Every structure is written in C-alpha cells, then in structure tokens.
Amino acid sequence: MRIQFIGVMALAALGCGSALAQKTASQGIDEYRAMLQDGNPADLFEAKGEDLWKQKRGPKAASLEKCDLGKGPGVVKGAFVELPRFFADTQRVQDLESRIVTCMASLQGFNEAEINKTPFGRGEMANVTALATWISAESKGLRFNLPQAHVTEKTFYEVGKRLFFQRAGTHDFSCASCHGEEGKRIRLQDLPVLTKNPGDGVGFAAWPAYRVSNGQMWSMQLRLNDCYRQQRFPYPGFGSDATIALSTYLGVNAKGAVSAVPTIKR
Amino acid sequence: MADPMRIRAQAAGGKATVRVLMSHEMESGQRRDSAGKLVPAWFIQEVNVSLNGKPVLSAEWGPAVSKNPFLQFNIKGAKAGDKVSITWKDNKGDTRTDEATVS
Amino acid sequence: MNNRRETLKQGAVLAGLLAAAGYPQYALAFNKNAFEAKSVQEAIKAAGGGALAESKEVTLTGPDIAENGAVVPLGVSTGLAGVKDLLILVEKNPNVLVAMFRVNDAVDASFMTRAKMGQSSDVYAVAIMADGRALFSKKEVKVTLGGCGG
Amino acid sequence: MNKKIKGLMAVAAGVVLAGCASLPSSAELDALTDRIVKASFRDQGMAKVDRVLATDETNRLCSQADASGKPLDEATAKRIEEANLKAVKWPSDGKFLGDWKQGEAIAQSGRGMTWSDDAKVANGGNCYNCHQISKEEISFGTLGPSLYNYGKIRGVKDPSDPASRAMVEYTWGKIWNAKAYNACSNMPRAGHAGVLNETQVRHIVALLLDPASPVNK
C-alpha cells in the first residue's frame, strides 16, 4: 500500500502544475479505498449465502446443493466466471441470479414469479443476493470465460451490444455515454470502459460489491438496475432478457479478466 | 435476529490482531423515511471482548459508527489456539456473541 | 438456524455471568451524556476528561478525502503510559462522539473502526489519561460528493 | 409477464431456427432487441416505458452509429443538428443571464427524472458529474471538457455587449439542446427534454458567463 502511494506521488510530481491539485484529490481517494480493503462487510453476506446454500429451506425443505449453475449439479467453483450462459432445462440464457431463482423454485419449491418481483434487499431477494455473493466469491481469482458456443448465447451478446449503445430516456444516456471512453470519471469515480476487457477486478469482474454509500450488498442485477435508474430509463425487470443480454455483452467483453468479487465500492 | 459476526484473529509477534465485522443497521436517528418521519436511532452501544473467557476490551459506540461495523485491535500475548469471544449489545437490548480461534 | 439460536442463548448467559462476576469492564454503563454532546469539549468533559491539549503522542489515522461519508476509516492510538480511554470524535457531526475504547494492559492502545460523517470536518483522536488530562490530535477529512444523483 | 417472456423466447427461438442455428441477421437482431426492450422494461414512478419505446430520430440514429462503430455521415449529422437547433426555445423575455449562485446549485444537483425522484422537487443539471466548473469543487467529472474560466477564455467581459451576443446565444443553445451543435453529443438536451426550465437555464448561463461568477475568476 505504501509503495503504491509513493508511486502515485511520483506520478503527480511528473505532472505539470495545474494537474497537481487534481492528482492530490484522486490520490486521496485511492488512499481511502485502500484503507477499506481490509474488512469488507461483503464477508457477512458471503457467510450468509454459504449457509443458505446448505440449509434445507422452502416448501420442499431441500438445500440448493444439487443446483446446476452450468458446470453440473452442485458445482459452485468456477460457475460464476462462465455466466450468463444457455441452460437446456429452461431453454434460456441465464445470469447467476436468475439461475439461483430457478434452483430455488425447482429444488426448494419457492414461487419464482414472487421472488422476481420482490424488491432488492427484502425477503427472499435478499437471500438471492447473499447466495450470489457466496457463489461468486467461490470463483475469486479465476478468469472470466463466458461460453459463446450456443447460438442463443451469441444472439444475446449481439442484443446486449445494441442495448449498451441504446440512447434513450430524458437525458439521452446510453451505457456507452459513461463507459465508452478511456480515462473518464463521473465526479471522482473512475469509469471503466466496458466495450473491452477493462482489466482484472474492474467493471463486470467487480460485482457483486458491498456499497458503502448505503451499506447494501449489490449484485449485478442491482448494479444494472441502478445504472438504468440513473440513465432515467424505465424499470428493468429482475432477470429480464434485457438485463441478461447486457450482462452477456459485458461478461464476454471481460474475457480473461480476473474476478475480484466480492469487492467494496463507494 | 442478528446475523453472525465475522471474526478473524491472527497471531504474530507476541500478539493477535483481531478484525471483526458485525451485521447491524447502525441507524443514526438523523435519517427520515420516505414519508418524512424520523427513523429512530438503532445502534450497537457496547462491545465487549474476552480472551479465553477473560475480559480484555470494552468499548462504547454511538450511532455515528458505520453500518455493518468494522473493528480492529490487538490483544497482547494471545497465541494460536486461544479463543476470542466478542459480544455486542444494541440500544434496543438485542445482543449477540460470537467466538473465533486465533490462527 | 439452531446453531445461531444456541450461540445467542450462550451469549446471554455469558453476559449475565460476567455482569454478576462484577468485571469492571462489563459494568461500564453507556455514557449517554458523552454520546449526546454537541461539541468536542462537552463530550470530553462528559467522558471524564479535563482541558484539551494537543499532543504528538496521540495518533489519528484517517484519509484526507473520503469518497463517501457513510464509511470513513478512522483509527486512534497512543504509546503513552497511563491512558484510560481512547476516543474518536467528528467535530461537525450532530453528536460529536463516535466511539470510546477502554484501554487496559491486555490490549494495545490502538483501535480502528469506521465512522459516518455528514460533511467535511475536523476529526479528533483523544486520549483521556488516568490523571484526567485529555490529549488530542486532529486532522481534517474532506467528504466528497459522489457521481450521478449523489 | 412470465407468459410474455415465454412468448418472446419463442420469437427468439423462431429467429434462431429460421437461420438454421446460425446467428440472425443484423436487421433481425435489431427487431429482437426492440422486442426484448418492450418485454423487459416497465413503468415505475415518473419513468414510463415511452422513454425507451418512443425515442426520437436523433437518439435512434446516434445509437445505431455508436453500435456499428461508424460515425454518422456528414449530411445526416447536419440534418439532425438543424432539426435540434430549430427546436431550441430562446428566452421569452430576451434575458439570457440569471443568477450564477443559483446556477451553481443547479450545476451541483444530479437529481431529477429517475423513477425514485419526487416530481415536486426541482431537477438538477447534473453538470459537475461530467464537467469541472468552479475551482472550489474538487469532485467533478471528466466526461465533458472543463468549463473553468468558460467566459473568460471566450473573451466575454460584458455579456450585455453586442460583441458577446453570439457566445451568449451559443451557450444558451448548447444547454437547451446540445445536439443542435453536435448531432451525437453525449450531453443531454436539458431544456429540450424538459429537465431544466427557462429560469434554470438562465442561471446556468450566468454561472458560465457572468464575470462575477467564480467560474471566471
């Protein structure tokens, strides 16, 4: 951490006078972020998720231990970095969260439609987020490698690309408005470029994340949901094809990036 | 019911560094809900730590400690295998105790 | 689920035992006055401290800039002998006192936690000594506005 | 909802089958995207589905250009700019400048028009999200150019001087409808879209051009 700090200082010293004040601000932010790394409250959600995976719950009083996340029933490690993918049993491309809900319905007897319309952070939706946190954490350090062999997976990538560039809403924003160019920030927050691999543990490889601003665990579905909210778009349904197609686009672009999930964010 | 804490206790150089995450809202009492009503303060007031059953630390917190609190401190003389037990109590009287083994 | 309930029950029993055994640390009652204080001086007084004096022997660790005021990592420590309590305070919070740690021989006089800050403010680390002196160091922590809707 | 999605997937499957398990054509993918958007979004608060279903020509053409990676051809860009310039509403009383202090508050605020916003609360301009403006605010974005010394750099010493007229009008027009000067600008059309009203735009123009504003210090 200290070495990194000195590196930033050296960089700042190289910059010309006018840039100096700004370097100091972003250097301060880097220091702040580094201080938060040790002790990520995401650990609390991870522990809860592991517990939920093994617990016998729901009308069928069953655990999720036979859930197929794409690598066969019960295989958790490595599943996250290959999602979204096509599932033959549902004939759909699914992301991690929609797949968890599928398993909760088929194995435990929960009502899929009920869970899908539950607000984030409440009831069974909070459990889906905790499960997603644990499952994704089991792939920490692995590289993203989404399958694109099935034609529906390729189709979803192409649809996701169109959604990424879709300008709409009262402010004409698309995803690309903020995530299309190198080296940009909104206020003091750096914006990853999501049309390519933005680097290890950045962008798609950083969610689920613990958000300190509201003390909530944010899954990818909530991340996309809130991007759309800030874009002034209407409300994207949980697990809707638009959110999954967009995730497919981001995930395929992130190929090779190392997952740092769960992370801690502003 | 409160969720479990996450306790990590690592021995090095004749002491153990303890890092704790607690699951708690830590409602400040300053926030208003969507209807404009003040949300009452709800926060951990007391934290007590013991090593192998012997009290080693007590702390008092106010509602300005962040949600899902983090605490780090060092216990002198603690070694691998020792048991660290942590208890919190909030202003509603709810309490929780968790234990971890020093590694 | 059973596990949790059991832990909780044990916790209650443990706390009861400790209170009954009369450990001084566990008899520590919540210092309402200190936590309701509106100024640093008022809080220190309520916590049993005397006049404030700046000291290089008390260390406050914290960022220069906090990306978000909801979580600001802050630490207080000292190498001084004869420390009774270590406190963290945020001057511009509605109630200034954040946390108070009772120091004894079993632990290092060094604690880290995270605080909420409503706005940019001076942050104080205060050591209340056994003789009542209140030694402090302080630094300004800037709280920045976040992107999008804030 | 469920039925709709199943139906949609049948459509998607249909597209796939028609192409003999090869990728659908670009036009088919466009049509599928439209269907998926229609099935995926719903009204919430003030954010109605019209916002994605009834987009105007500017957004449609710019989205296509972005996705294809090829910028608009010059003639189309010009046509879009002209149409947007025509749509600019100029100040009804001829007054372009308001109060820079209120302008600063509007520039700071990023609120308004999301599904969680209260329609009764004034909208913000979102300006600091993307631009440096005054020197005092260190938390600014870099998606747009720095606007620090905006008026000073452009030689506006007295906004009421006829020599400043063109710059004053451009500034108003840019805030009201950024696409009037750059067809596929990333900047919202604050006045055109009803995000900011005439009074608010006046305050922002003052923030940028008033010699007394901290922007021009």
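Order as written gives the chain letters A, B, C and D; numbering starts at 1 within each chain.
We take it that a contact is a pair of C-beta atoms (placed from the backbone, for glycine too) under 8 Å apart; a residue touches a chain by one contact, two chains touch by 3 or more.
Here the structure is a predicted model, which is why all the values come from computation and not from measurement.
Across the two candidate interfaces, A-B and B-C, the one carrying more C-beta contacts is B-C.
Taking each chain's centre as the mean of its C-alpha atoms, chain A lies 29 Å from chain B.
Spacing of chain B relative to chain C, judged by their CA centroids, is 13 angstrom.
Between the Cα centres of chain B and chain D there is a gap of 47 Å.
Chain C has its Cα centroid 34 Å from the Cα centroid of chain A. Annotation for chain A: residues 25, 185-188, 212, 215, 230 touch two or more other chains.
Each of residues 114, 128-129, 138-139, 141 in chain D touches at least two other chains.
Within chain C, contacts with two or more other chains are made by residues 70-71, 73, 114, 142, 144-149.
Contacting chain pairs (ordered by label): A-B, A-C, A-D, B-C, C-D. Looking at the complex, you find that chain A touches chain C at residues 25, 28-29, 31-33, 35-36, 55, 185-189, 212-215, 230, 266.
Of all residues in chain C, only 142, 144-150 touch chain D in the complex they form. In the complex of the two chains, the chain C residues touching chain A come out as 1, 63-68, 70-71, 73, 114, 142, 144-149. Touching chain D in their complex are the following residues of chain A: 21-22, 25, 91-92, 113, 151-152, 154-155, 158-159, 161-174, 176-178, 180-181, 183-188, 191, 229-230, 232-237, 240-243, 245. Chain D meets chain A in the complex at residues 1-2, 5, 8-9, 12-13, 15-16, 19, 21-24, 29-30, 32-33, 36-37, 39-44, 47-49, 51-52, 55, 58-59, 62-64, 66-67, 113-116, 126, 128-130, 138-143, 179, 186, 188-189, 193-195.
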